[in-house]
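In what comes next, subunit A is part of two complexes: it sits with subunit B in the first one and with subunit C in the second one.
Now for the complex of A and B:
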C-alpha cells in the first residue's frame, strides 16, 4: 500500500490534534492537552495510508521544529476561527514550510466553526485564497468538513505525484 | 623496516578486535541505557535491529525487510541526511528521541527514551499555553467590554437625541394646537358678541377662519394618530373610484386662503383637464396633498407655490414646487425622520407630516423625491399608481337624493354637544331623530319603536356601542347600525364589524357622510 506523510501545522490550541483524532478515530475531547514534539497517527484513504504527523503548535516559548516536516508530501495548516491572530500567522507558517521542504500541496482548516465567536472576514478569506489554498471551515467538535479537508489534500498530493511520474 | 611495517598485520588484527569490542560495548550501552537502534542500507533494507526496538512499539522488524513498511515515521525521510527528532510519540505512546545518522553505506536510526524531557516540557508547555489562552480570552473580553461601552455611549446619545426630539415635538405640538385653537376660540367669541351687530359678510369671513382652523386641527390629530398606526402596522388602504380633478379642486379650495393670507400665489395646473377618475384611496391622497402643499405654503414667505398634477399611463404624478427657504444638504438627511424639525427656521410643527406622507406614498406603491436648494426653493415629486376607472354617473331622474334625509334615526351618543349638533344637521335634512345617551337606552327604545338607521357611538356609559349592537343582533334586530367614533384604530373597526355594525365613520363626521352611508346601507339591505 502506498504511504504518504502529511503534517498538521499551526499555532498552539487551534485544534490540530482534535482534527486528527476526529478524522482518524472519529473522537473528540473537550479537554485541552498540549502536544509535545510530534504525535504520529495513520489512516487509510482511497487505498493510501496517510501517516499524519501532528506537530506541536507554535507558541510563545518555542517555534515549530521544522525537522518534523522533513519528507512531508502535504501540509494541513490549521487556524482557530475564534482567534484572528492564528489566521494571520498562517502566512508566516507557509513561508517556513516552503523554506524547509519546498512547495507541496497544502490545505487550510479554519477550525472551531461551531463556536459563536468564529469569525473569518472577507479580507482574511481573500488573502488566504489568493495563495491558491483550499479553505475549509472545520469543526472538530461536530466533524463538519473534516473528511473533506483530508480528502482534498490526498487528491492534491495524488495529482502532483501523477504529474511527477508522467514527467 | 620500521616497527609499524614489521607489526602491520598484528596491529590490524588488534584494531579489528578493538572495533568489535567497541561495537559490542556500544550495543550493550544501547541496551543498558534504554537505547534502541536500527541499521539499514540507503534503500531502507534492514541490516540489523536491536532487540529492544519492540519496547518502543516498533516490533516485527526483520533483516532484509523494508524498514518503512514496519515503521511509519521513516516514510518520506531521506536515508542520506542527518535528522534529529527530539520527541516523537511512538505507537506505544512512549516519547522517543530519534536521531538519523547516515554513513557511506548505511544509516543508523537511534531511538532514545525521552520520557523525562517529555514530562518536563508537557508540564511547562501546558501551563504556558493555558496562560496564553487565558490572556487571549481576557483580551477578547476587554475588547468586547469596550465595544459594549461604545455601544452604550451611542445608545445614550441616541436616547438624549430622542428625548430632545420628544421635547421639541411636544413644544411643536403645543404650538401647533394652540395657534388654530386661539383663532378658533377667538373668532367664536367675536361671533358670539357681534353676531347681531356685524355684517353677514364679516360673520362669513370669521366662520371661514373657524372652519380652516378646525380642519387644520383635525389634520394635526390625524397625522399624530397615523404615526402611531404606522408603527403598529394598523394603516390599511381603502382604494375606491374617485374623481381626481374633484380632489385637486377640493385641496386647492382648502389651501388657497392660507396662501393668500401670506400673499403668495398657489397655482394648480392639471393635465389633462379635467383629470380622469381612477382607483385610489381618496382620504390618503387628500392627506398627502394637504401635507406637502401645506408644507410648501408654510415654508414660503415670498413668491409662489406651484402644483402640477398629471395623470398618464395609470400613474398620478404631483410636482409641488415652491420658492421658499429651501433645505440645506445637512438637513436633507433628516427631513424624513419622525419629529425632526429644521433648527432656527422660525417655523414650528409636529415634524410628522413628511414622514407620514412618505410612508403613505410607499404603501401605495409610489415614490416621493425631494430636491431642494437652500434659499432658492424646494421641489417635491410624487408618483402614485392610479388605475383608471369609470365612475358611475348619477341618475338624474332618481328622486333618491330628495329622500335620503327623510329617515328615522336613533342616535345613541353620550356627548350632548355632538348629539345636539348632529340632530340639528339631520333634522335640517328632513330626518326624524331620537336621541338616547347610552347603549342600554338604545336597546330599550329600539324594542318599542322602529328606526331606519341606528347611529351608534362606541364609548358610552352604562352600556357601550359594541355590547349594545351585539345585544340588538342577538335579539334579531336587523336595523343597520352606523358607528360614529373618535377611534381611528383598525382593531376597533374590526371589533365593531364582528359584533354586527354595518358602517363606520370617524368623528368629526359631516352630515352628508352620514346621509350617504345610511342610504347605502339601506340600499344594500333592501337588495338582500
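Now for the complex of A and C:
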C-alpha cells in the first residue's frame, strides 16, 4: 500500500492533536494534554496509508523541531480561530517548512469553528488564500470539515506525485 | 433540701428530673452504646470527608485484626479472595509457563543440533554444567523484529519478525523510531551525523543501523552479543547495495522492494548461534578451506602425474637404450599410453620385465618400431650364437669391439658353416683367425674324405693343418703337396 507522511504543524493548543484524533479515532476530549515531541498515528484514506505526525506545538519557548518535518509528503497547518495571533504565525511557520523540506502540498485548518469566540476577518483570510492554500474552518469538537481537510491534502499530494511521474 | 439545691432550682428551674435522667443515661453502658451506635456511621462519614485521620487511626488496628482473623480462619478468607485474585494469578502463571516453554523448546532444539554438541564440548572443557550452558545460551537473546525505515520520512519500507509481539502498528513504530531519532539529534547535538544507535526498553534492546537513505532497526529480546551488530550492519549494507536505486527514490511505495525478506529473514534466524560468533570470526571458514584443499589436491595430483609421466618416459628411454637392438627415436604419452617410435632388431629382446618393475606395464606400450639389423656387437653375438650354434671348444667373444670366434671345432661343423663364416669374415663382422679344426676331425677328414693313407705325408699335413686357422686352410694346396711328396 502506498504510504505518505503527513505533518500537523501550528502553535500550541490550537487543536492539532484534537484534529488528528477526530480524524483517526473519531473522538474528542475537552482535556488539554500538550504534546511533547511528536505523536504518531495512521489512517487509511483511498488506499493510501497516511502516517500522521502530530508535532508538538510551537510557542515562544520551544520552536518546532523541524527535523520532524523531513520526508513529509504534505503539511496540515493549524491555527486557533479564537486566537488571531495563531493565524498570523502560520506565515512564519510556512517559511520554516519550505526552508526545511521545500514546497509540498499544504492545507490550512482554522480550528475551533464551533467556539463562539471564533473570528476570522476577510483581511486575514485573503492573506492566507493569496498563498495558494486551501482554507478549512474546522472543528475537532463537532468534526466539521475534518475529513475534507485530510482528503483534499491527500488528493493534492496524489496530483503532485503523478505530475512528478509524468515529467 | 439544701441551700445549694434551692439556689439551683431558682437558677435553672425545675428540671431535676431531666438531669437525673441524663445522669442515668451517661452512667448506663447500654444507654451509651445505643447512643454511639446512632451517630457512629454519620460520624465516620464526616471524619472521612474532613481528612484521613480516621484511616490513619484505623489502619494499624484493622490490619492487625485482619491478620489475626486470617490466621484463625484462612480457608474462609481464601474463599472470599479467590474470585478477586485468581485471574491475575492465572495470567501470571500462564506467562511464566509460556516463557518457560519457549526456553525449553529452544533448549531441546539446541540439544539436538551442532550447537548442542558444541555446548556439550564446551561444558566438558570449561566444567560448567551442560544444562546451565544451554540455558544461558538459550536465554541470551532473540531477534524479534526488524524494521527497514526510510531515513527521511520515517516511512516503513519493510519489516520482518514474529507476528505476536504485541507491538503496535509497524508503521507507527517505524515513524516513532525516526521521531526519536530526530528528537535525540535535536536535543543533544543538532548535528546530522550524531545518531541514536542503541536503546533499551524494558527487556528489549533496540539497535539501529544507519545508512545514507535508510536505517535498519532491530528489536532484540535480551542481551545480544556485539557481533550481532556487525551482522545488522552487513544486512543493511547488502540491502543498500541490492536496492540502491529504490532506496534513493522511495516515496512510500514498498512494492518496488521485492524479495526484501530474503535479506532480512536471516537476521531473525541467526538468534542463538550468534553467541559463538566472536570466537568463530577469525577462524578460517570451513567452506573455503575445503575448496582450497580440493584445489591443492588437484594441483598436486596434476603435478605428480606430470612428473610421473615424465619419469616413466625417461625410465623407458634408459632401459630401451641399454637394450641391444633397440633404437628409440621418439617416445611420448598419448591417451594414457606410451607411444614408442624407432627401430627394433628382430633378435632383440625388449626389457619388459624391468619396465614393469618400474610401473610401466607392457600393455601401456604402443610400439611402432621398424625392424632393422643392428650391428651392435651384442646383437651380432646373439645372432651368431643363434645362427651358428658354436660347438664345444669354440668361443664367441668380443675383443676390442670386434667379434671373434676362436677355439677348435670339428671339420664337419666347419665345413657346414664354411661359406657363411668366410662371408662374415669378408664383411669384417667376425674374426676367425683363431679358429682351428680339431686334430681328430682333421685326421679322419684326411683319412676318410681325402683318402690319404697313413704315412709321413699325412702326419706332416696334419701337423700343418693343425696350426693353420680354418679359414686359411687350402685343401687343394694340401693335396698338391701330398702328391708332390708321393712323387718323390
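A few points about this structure:
Following the convention adopted for this analysis, the second predicted complex is superposed on the first by the 167 of 167 C-alpha atoms of A that agree within 3 Å, B and C clash if a C-alpha of one lies under 4 Å from a C-alpha of the other, contacts with A are read in each partner's own complex, and residues count from 1 in each chain.
Simple rule for what comes next: contacts are C-beta pairs under 8 Å (C-beta built on N, C-alpha and C of every residue); 3 or more make two chains touch, one makes a residue touch a chain.
Remember, predicted model here, so these are calculated numbers, not experimental data.
When both complexes are superposed on subunit A, subunit B and subunit C end up clashing with one another. In the overlay built on the shared chain, the residue A:112 is in contact with neither subunit B nor subunit C.
By the touch criterion stated above, A:4 is placed in contact with subunit B and with subunit C alike.
Touch counts on subunit A: comparing subunit C and subunit B, the chain ahead is B.
Contacts of A:40 after superposition: both subunit B and subunit C are touched. Residue contacts after overlaying the shared chain place A:161 against subunit C, while subunit B stays out of touching range. In the superposed pair of complexes, A:137 makes contact with neither subunit B nor subunit C.
Once the two complexes are overlaid on the shared chain, A:73 sits against subunit B and subunit C alike. Touch criterion met: A:65 reaches subunit B and subunit C at once. By the touch criterion defined above, A:51 reaches both subunit B and subunit C.
After the shared chain A is superposed, the part of subunit C among 148-156, 346-354, 364-372 or 472-480 that runs into subunit B is 148-156, by C-alpha clashes.
Shared contact residues of subunit A, touching subunit B in one structure and subunit C in the other: 3-5, 37-38, 40, 42, 51, 65, 67-68, 70-73.
Subunit A meets subunit C in the complex at residues 1-5, 37-38, 40-42, 49, 51, 53, 65, 67-68, 70-73, 161. Interface of subunit C with subunit A (complex): residues 150-156, 169, 171-172, 175-176, 179, 182-183, 185-186, 251-254. Looking at the complex, you find that subunit A touches subunit B at residues 3-5, 12-13, 32-34, 36-40, 42, 51, 56, 59-62, 65, 67-68, 70-73, 83, 117. Subunit B contributes residues 68, 72-73, 75-78, 81, 83-91, 95, 114, 118, 121-122, 124-126, 128-130, 132-133, 136, 140 to its touches with subunit A in the complex.
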